[in-house]
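Chain IDs A, B, C and D follow the sequence of writing; residue 1 opens each chain.
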Amino acid sequence: MNKFASGFMTICFAVAAVISSSALAQQRPASAGPVDPALMEDLIAANRILAAQGVVDAMGHVSVRHNRDPNRYLLSLARAPELVTEADIMEYDLDSVPVRDPGRRQYSERYIHGEIYKLRPDVIAVVHAHTPSVVPFTVSSVPLRAIAHSGGFLAEGLPNFEIREAGGMTDMLVSNASFGRALAEKLGDKSAILMRGHGFAAVGKSLPFVVGRSIYIGVAAKLQTEAIALGGTVTYLDPEEGRKIEARRDYIRPWELWKRQAMGK
Amino acid sequence: MNKFASGFMTICFAVAAVISSSALAQQRPASAGPVDPALMEDLIAANRILAAQGVVDAMGHVSVRHNRDPNRYLLSLARAPELVTEADIMEYDLDSVPVRDPGRRQYSERYIHGEIYKLRPDVIAVVHAHTPSVVPFTVSSVPLRAIAHSGGFLAEGLPNFEIREAGGMTDMLVSNASFGRALAEKLGDKSAILMRGHGFAAVGKSLPFVVGRSIYIGVAAKLQTEAIALGGTVTYLDPEEGRKIEARRDYIRPWELWKRQAMGK
Amino acid sequence: MNKFASGFMTICFAVAAVISSSALAQQRPASAGPVDPALMEDLIAANRILAAQGVVDAMGHVSVRHNRDPNRYLLSLARAPELVTEADIMEYDLDSVPVRDPGRRQYSERYIHGEIYKLRPDVIAVVHAHTPSVVPFTVSSVPLRAIAHSGGFLAEGLPNFEIREAGGMTDMLVSNASFGRALAEKLGDKSAILMRGHGFAAVGKSLPFVVGRSIYIGVAAKLQTEAIALGGTVTYLDPEEGRKIEARRDYIRPWELWKRQAMGK
Amino acid sequence: MNKFASGFMTICFAVAAVISSSALAQQRPASAGPVDPALMEDLIAANRILAAQGVVDAMGHVSVRHNRDPNRYLLSLARAPELVTEADIMEYDLDSVPVRDPGRRQYSERYIHGEIYKLRPDVIAVVHAHTPSVVPFTVSSVPLRAIAHSGGFLAEGLPNFEIREAGGMTDMLVSNASFGRALAEKLGDKSAILMRGHGFAAVGKSLPFVVGRSIYIGVAAKLQTEAIALGGTVTYLDPEEGRKIEARRDYIRPWELWKRQAMGK
């Protein structure tokens, strides 16, 4: 190679490097900056509460929107919720691309979170779980309904996501944006969605709300199962009762208890 | 304003202040005075026992009549029973108006307690709870009945409070005196009352009695559910057996255990 | 009163005292002497194991024959098994009369123990309990049967004691020798007996055996309840399988675990 | 005896001793040598995890192939899994003969492990357990099937070992090589096998796999039982979904949690 050729190649490499670096910069989203410490503490608490309350076992996850940017959300790397600490929390854009450390093990189903945040600006926090009492209702022709006050948010019924409609025979995981979007669309404006043969996703306007709903979906499932087992007729909550209950719902009292229990006081 | 006018206004303000203060004094009931420390200790214990035994989760509450005045009762401010300490205990008159600190967060359903105390002079303590095993019986056409000795107090059956009869479509909460009175009337002379889609209220002649009944309503519900699930015929406790059992019932032995467990020995 | 009369009365009082003291001596059985410390330790462990394993709650009791005299047995005073310590253990004759401290609160149903020991010289230890999974089988037309290896001792079925046959409408308690004898007769040569609307009594040739059986009666009840709930046909353990299982049964391995768990290692 | 006779006898004794010692040497298999400490730690963890997760109670066991020799496996002496320490681990050949300490109390059903290792070179770890939720499916005409993702490995169904086919009326224990082989043959290439009136055996390519499967067999049984109890039709996992799930299955996340929980962090 002569000097000219060599010089040309040097320029070519430099240009390629700029292009490549620019492409990378486009792929890697920018961080929204430091997270509010109180929100971070609640996110860690939410992880532990879900484990302590039996909503999740080693699997399942909870996220929250970044307090500085609605286009970013916070979610642990792939770890059992009971073990999650602040160092595990990653920041994602709504395409579920991490702003840093893309090499860390990540939840393959993080698209549940990102795609719901895209379609539901009112949603601040999302849970995905496989609570044992809920799963049977995802595969039964008997729909999950509320018999009690604590289940007011599901008095109108919940949609049930059938991944076969989105992808035929799969490994059941919502592990790409396409399945995530299909799930988010099926969720509509509801508080939660069942997932056939899998579990559920719940949403809320705060971490206490989404954690509260995740716990009481499981309670509702247990209550209905027992009510059916008695063999008589069952009086379900009227949807209007459900609406009136939810109109004054907060989770202040349970959140105080759950957080103290989960964080060791 | 001249001196006369000014003097007149001063008098007016003074009179207004007296009227206002007098009105406040009428609205704010007088305290019955210091609570017997042993009773206070049992009330705290009752809160923690109900949580430890799974009768209540974050919601539900327990009260006791003031030892100095049957027209006053003691109940925590709005807090999960597991967390209640002496500083949380408020004193109410039977209209469920607090004798002090009206600005603290209060249980919206305290009227369950006050209205029962009004109609039932024999009742010294009241529990309201949403025990999961009991709730299905509040919405089922199958009535809760006793199959075992421990449920003697419900061998004659329990009334079931349908809030739709008192208020149509509501948020299900007994959050005013009117609903409270309807519930107390339906309770009649029984030991407990179911509440449709909600839970139950239990009463007793002491904290150990009301706590014991609250625990064993839940046990009775579990036992009956399992007995029905076996698919055969079921022999229920005869009401006469129930009466004979309750005639010699005390909760001395369980109270010793529960209190030591709940108070950390 | 003259001197003669006075002297006569003194003699009368003295004679009365002797008679009375003699009568008392006859009523109060003699102690068999100090208990083997290893047996005492196992009796305390048995109390705590039954509580830890959910066989008993605040109620229920376990006894063992005195190692020095088959006509004496050892049983706690009236206290929740979880709380029992060596100081609570009382010594009874087979009429269930304590050798000392008759004024202490005693289990009103101790006659279950005494009367079984009378009729069953092979029995060294007795448990009475109200395990929730077992009680439904005491009132159901569906008999408790073994589906699994761990229930080998009940593969031939258990008798069910109906106290109405012995005493009509009662408070359900085996609180006298007559009811105790009726129960012991119904027990026959079996390992355990159900008690309608109440619970069960189990027997064994040692504390590990009676504790093991008490735990696995509850397990058998749960297993059968679940098997029935599946709705298909059920293959029960053949009585011959039960006999072969029990021929080589011991509770060495579980006893080591239960005792370490219950006694805090 | 003369000198000749005496000398002859001495030789005879010596020869007998050599024969005997040689026979013993043949009966006692050689050790494969020290175990990889990380494998040993995982084996102890597996024992405790199975207890902590309710897969085993005092009974049941877990083994792993020796890392130095596929013809040796490691299994505790007869002890409740919760209590097992490194000192309890014994080394066996595939005939389930220990390489040393044959006098220690051993699991009578160790043949389950040895015979499976013989027929399934792909299997690295084996569990035998009597999980309560699973046992009803071993005696019911209703087969255990997967409704959820976590049970992907049993989507094609599990064989059920009927020991009556191998041995008629027995004590139900797989306590010899013949029963062990019959079980291993029935297992075929599956991930687990039910055992009628007894429990199950599960296999895996590692300790995390076999522990994970043992836990999720129990979960699958609970989920199916509840789904059936709802009374409607049930959508089961498609075998193809099961295969796709298992193709990307690992137990990294749960193993991290279970091990930290079981080993006290």
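Just so it is clear, a residue touches a chain if its C-beta (ideal position, glycine included) is under 8 Å from a C-beta of that chain, and two chains touch if they have at least 3 such contacts.
What you are looking at is a predicted structure, and each value in this text was computed from that prediction instead of being measured.
Chemist: Could you check if the interface between copies subunit B and subunit C is built from the same residues on both sides, meaning over half shared, or from different ones?
Modeler: different
Chemist: Calculate how many whole Å lie between the centre of subunit B and the centre of subunit D, each centre taken as the average of the chain's C-alpha atoms.
Modeler: For subunit B versus subunit D, the centre distance works out to 53 Å.
Chemist: Can you compute the centre-to-centre distance for subunit A and subunit D, using the mean CA position of each chain? Integer Å is fine.
Modeler: The separation of the two C-alpha centroids amounts to 38 Å.
Chemist: Check each residue of subunit A and list the ones that touch at least two other chains.
Modeler: Each of 229 in subunit A touches at least two other chains.
Chemist: Touch graph of the chains shown: is it line, ring, star, complete or other?
Modeler: Graph shape, chains as nodes and touching pairs as edges: a ring.
Chemist: Given the complex with subunit C, which residues does subunit B contribute to the contact?
Modeler: Touch list, subunit B to subunit C: 147-150, 152, 219, 222-223, 226-227, 229-238, 240-241, 244-245, 247-248, 252-254, 256-258, 260-261.
Chemist: For subunit A, which residues count as touching subunit D in their complex?
Modeler: So the residues of subunit A touching subunit D come out as 57-59, 78-80, 82-83, 105, 130, 132-133, 135-142, 169-173, 196-199, 225, 228-229.
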